[in-house]
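First up is the structure itself, then whatever we jot down about it.
Letters A, B and C mark the chains in the order given here, with residues in each chain numbered from 1 onward.
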Amino acid sequence: MDKMQRAVRDIHITDAYHIPKSGKAEVHPLSRLLVTILYIFIVVSFSKYEIAGVLGMAVYLVVMGIWYEISWIECIRKIWMILLPVSLVGIANPFFDRAAFFQIGGITIISGMISLLTLLLKGIFCVLASYCLIVTTGFSKICYALRCFHLPKELITMLLLMERYLVIFLKELERMLQAYKVRAPRQKGIHIKTWGAFVGQLFLRTIDRADIVYDSMLLRGYTGGFVGAAPVFSWKSSILYVVIWVGVLVSFRLYPVFSMIGKLFL
Amino acid sequence: MHMTDALVAPAVAGTMYACSIAALGLSVRRIRLEEDQKKIPVMGVMGAFVFAAQMINFTIPGTGSSGHLCGGMLLSALLGPSAGFLTLCCVLLVQCFLFADGGLLALGCNIWNMAFYGCFVGGMLIWRQMMKRGMSRKKILAASLLGSILTLQLGAFSITLQTLASGITELPFMVFLSVMQPIHLAIGIVEGLITAAVLLFLYEARPELLWGYQEFTRETVGGKLTFRKTIVIIAVAAVILSGGISLLASSDPDGLEWSMEQVFGAAEIKPSGFPLYQAAQKLQEKTALLPDYAWKNSHSIFETSFSGIVGVFVVLILCAGCCYLLRFMRRKRDRGSDGG
Amino acid sequence: MYDIEIQKVSFAYPNGREVLHDIDFSISAGECVGLIGANGAGKSTLLKLLVGLAGNYRGKLFAAGMPVVKKNVAEIRKQVGFVFQDSDSQLFLSTVYEDVAFGPRNYGLPEEEVEKRVLHALEKVHIEELKDRQIYRMSGGQKKLASIATILSLEPKMILLDEPTIALDPKNRRNLIQVLREMKGTKLIASHDLDMILDTCARTILLSDGRVVKDGPAEEILSNRTLLEENGLELPLILQNREERLISMYEM
């Protein structure tokens, strides 16, 4: 079951990046989250023929990717994930939207192709932006940022618990599946007769574990909800981070910056 | 199916966020009213369970393919609609923030399409109503099947609407719909069968774990009130939804309105305020008559696009170069400080 | 002054099965007591009763000088630490630091005090270097030490441990025994790892089918082969070896 191993691996890779260098002040997670949201918002807001504008948004990704040494291979894997659904939806565009956009060397590029390409770029950029956020910030700090957004503390508690038990359950499931496979070597998945028992058993184990977890929380003074400690961050760099990126991204959206630069070279 | 960021326009995403947040707020309030401290940890651990269960391949007999579990109906049958909804929200949040699956902007859509229908329609309208007069094996099977099929159909319909309202695809509405609905019917049947199998197993093993088992077998009143509440939730949500869409339609002509015209084959296309779009439209007219002239007319668009793309690459190379340089310097400094 | 006082305590699960029957013993401050018995003898249930996790019981039960009733439970839990058998269930946050800090934070201590306590607790179990480690990346032995640290950070008067050495390899087990011996305060260790009990506890209580069968010095109970075997246990390995050696010497 490679999907499961991949999920476990993803978690490992993600938290390998932002190993807290103890005591070192960082950018506040909220500022990272805000910039990411703004970025995705701007990318999506380009109209479907504005390919140059969308392409320009790659600047953010390239800068983040290089600065934080994000692995290209992982990025490509993330892109792969998004490609299918986006192209399924966009594949019809070249067939239905047949106006000529421009001609180059005798080949007419029709607007449908441009809109498909724009859509793909948007999909890729958005997923990479989310990935940048995860890798640079880490899940528990994102949770802290969400808490700053006034997400209910119940939800934050659940998110933190879920992150903790994800790997344990995935590994438990892996063991169960291995035990199943050894006794049913030729099956691809779980046979219909055991659907209920298999998931049901996993569920019963879940409930038992939840009981103990709750007891353990009670014994250490739990009174409903926890959000973890505030991360160490510096106000100065956080504000600078937001101001610079907001300035750059918004000016890319409002002014034809790239067109102007391009004309210098043409 | 997860919606992705690229498939939603900001206005659609915002509307769906508003709806999902409303449902979220209501669920949190209801959980708080229950004053059961234990519920939150149980729900958190359950979220991890659903995430794991979604990874299992279920062989579908006679087809050689395999099905998967989404979990909305299952969760609401185990925890109740509000708790189930919150748990599924967490699963979606984790998928979004830990695996970059689904996307930040589309999160509102995803919560609505999967968690809201799965838990509130499946749990409240179907599970609760069917189990009111006691549980039985047949009822569990019927409720799981019906609930899963209905909620997935609603989800698929929403996806179609959201995508079209965002003006992303040129696909005619009916074509898109006729692809989405049958696929999700099949998915729904499989999901229903898996849900039924799990619930039946638990019904035999530990029936008290099923939502409302004690309550329904003891015959209590008060079910009607919560049912009414659900109707109110749905009504409010529908009002917000339609309001949001109409707002969108009036403010963003190249979004919904335009795609609707495409879809329903409206003959007249209203001039929109968007220059590129207008240009493309003119282009279309011209190409119908004299394709050779189209090139000249669109020369300016082409030029801006082309110079824009050149500009992007120049800036990209510049940025990348600077970043590499800075990174190199940072590393050197780090190494220097480590050594000293 | 007793830290734990149990007078004629009986306990039955809601389904009516009685797991503890007229239990009667007390533990003075600073003592280290081993609670032994076969599976299902009622060891874990007894420990859970002491911190108010199991439910209603009959008889009189005092922990940290207070009767175990609902209104005292919060105060008792502050003074009596409980280490669960399954460390994965006990450690529910993502990093060691966060998890060890969970208890002190819940009791509203200022952040500097929390940090001091966390570092001190980690020091006591010798895993200071794992402070920022993700819990799912740790080995079973490390997790066990971390879960003991989560309790130590609350600075409890006494500690209850449920099967601390289960699923540990010999090296980690020896390390844990070392840590247990260094720990101050009252300790009640439930286990069927009799070698570990022999190494850490001066006194042992033998439970069988929910009753106290024998209460006395560890050396004496743990070397009584017939008594142990009658109650589903075996001599500690170290004593078995000694016995075998004696027999072989005699035969020669």
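Definition applied: contacts are C-beta pairs under 8 Å (C-beta built on N, C-alpha and C of every residue); 3 or more make two chains touch, one makes a residue touch a chain.
Note that the structure is a prediction, hence the values are computed from the model and not measured.
K.L.:
Going by CA means, which chain is nearest the middle of everything shown?
P.N.:
A
K.L.:
Considering only mean CA positions as chain centres, point out the chain farthest from chain C.
P.N.:
B
K.L.:
Could you give the separation in Å between the centres of chain A and chain B, each centre being the mean of its C-alpha atoms?
P.N.:
Roughly 15 Å separates the two chain centres.
K.L.:
Report, in whole Å, the distance between the mean C-alpha point of chain A and the mean C-alpha point of chain C.
P.N.:
43
K.L.:
Could you put a whole-Å number on the gap between the CA centroids of chain B and chain C?
P.N.:
Each chain's C-alpha centroid was found; their separation is 48 Å.
K.L.:
Quick check: what residues of chain A touch more than one other chain, meaning two or more?
P.N.:
11, 139, 160-161, 163-165, 168, 209, 213, 217, 222-223, in rising order.
K.L.:
Touching at least two other chains at once: which residues of chain C meet that condition?
P.N.:
Residues 92 of chain C touch two or more partner chains.
K.L.:
Would you mind listing the residues of chain B that make contact with two or more other chains?
P.N.:
Those would be 41.
K.L.:
In their complex, what parts of chain C are in touch with chain A?
P.N.:
The contact residues of chain C facing chain A are 48, 51, 53, 74, 77-78, 81-82, 84, 86, 88-95, 98, 101-103, 105-107, 111, 131-132, 134-137, 150-151, 154.
K.L.:
Quick check on the complex: what are the chain A residues that touch chain B?
P.N.:
Residues of chain A touching chain B: 1, 3-4, 7, 10-11, 14, 36-37, 40-41, 43-45, 47-53, 55-56, 58-59, 62-63, 66-67, 69, 78, 81-82, 85-86, 89-90, 92-93, 95-103, 108, 111-112, 115, 119-120, 122-123, 126-127, 130-131, 133-134, 139, 142, 146, 152, 154-155, 157-166, 168-170, 172-173, 177, 187-192, 195-200, 202-204, 206-207, 209-210, 213-214, 217, 222-225, 256-263, 265-266.
K.L.:
Flag every residue of chain B that touches chain A in the complex, lowest number first.
P.N.:
Residues 1-2, 4-10, 13, 24, 28, 31-32, 37-38, 40-49, 51-53, 55-61, 64, 66, 69, 78, 86-87, 89-91, 93-94, 96-101, 103-105, 163, 167-172, 175, 193-194, 196-202, 205-206, 209, 254, 262, 274, 276-277, 280-281, 283-284, 287, 291, 294-295, 298-299, 301-302, 304-312, 314-316, 319-320, 323-324, 326-327.
K.L.:
Could you pull out which chain A residues touch chain C in their complex?
P.N.:
11-12, 15, 19-20, 22, 139-140, 160-161, 163-165, 167-168, 209, 212-213, 215-223, 226, 228-229
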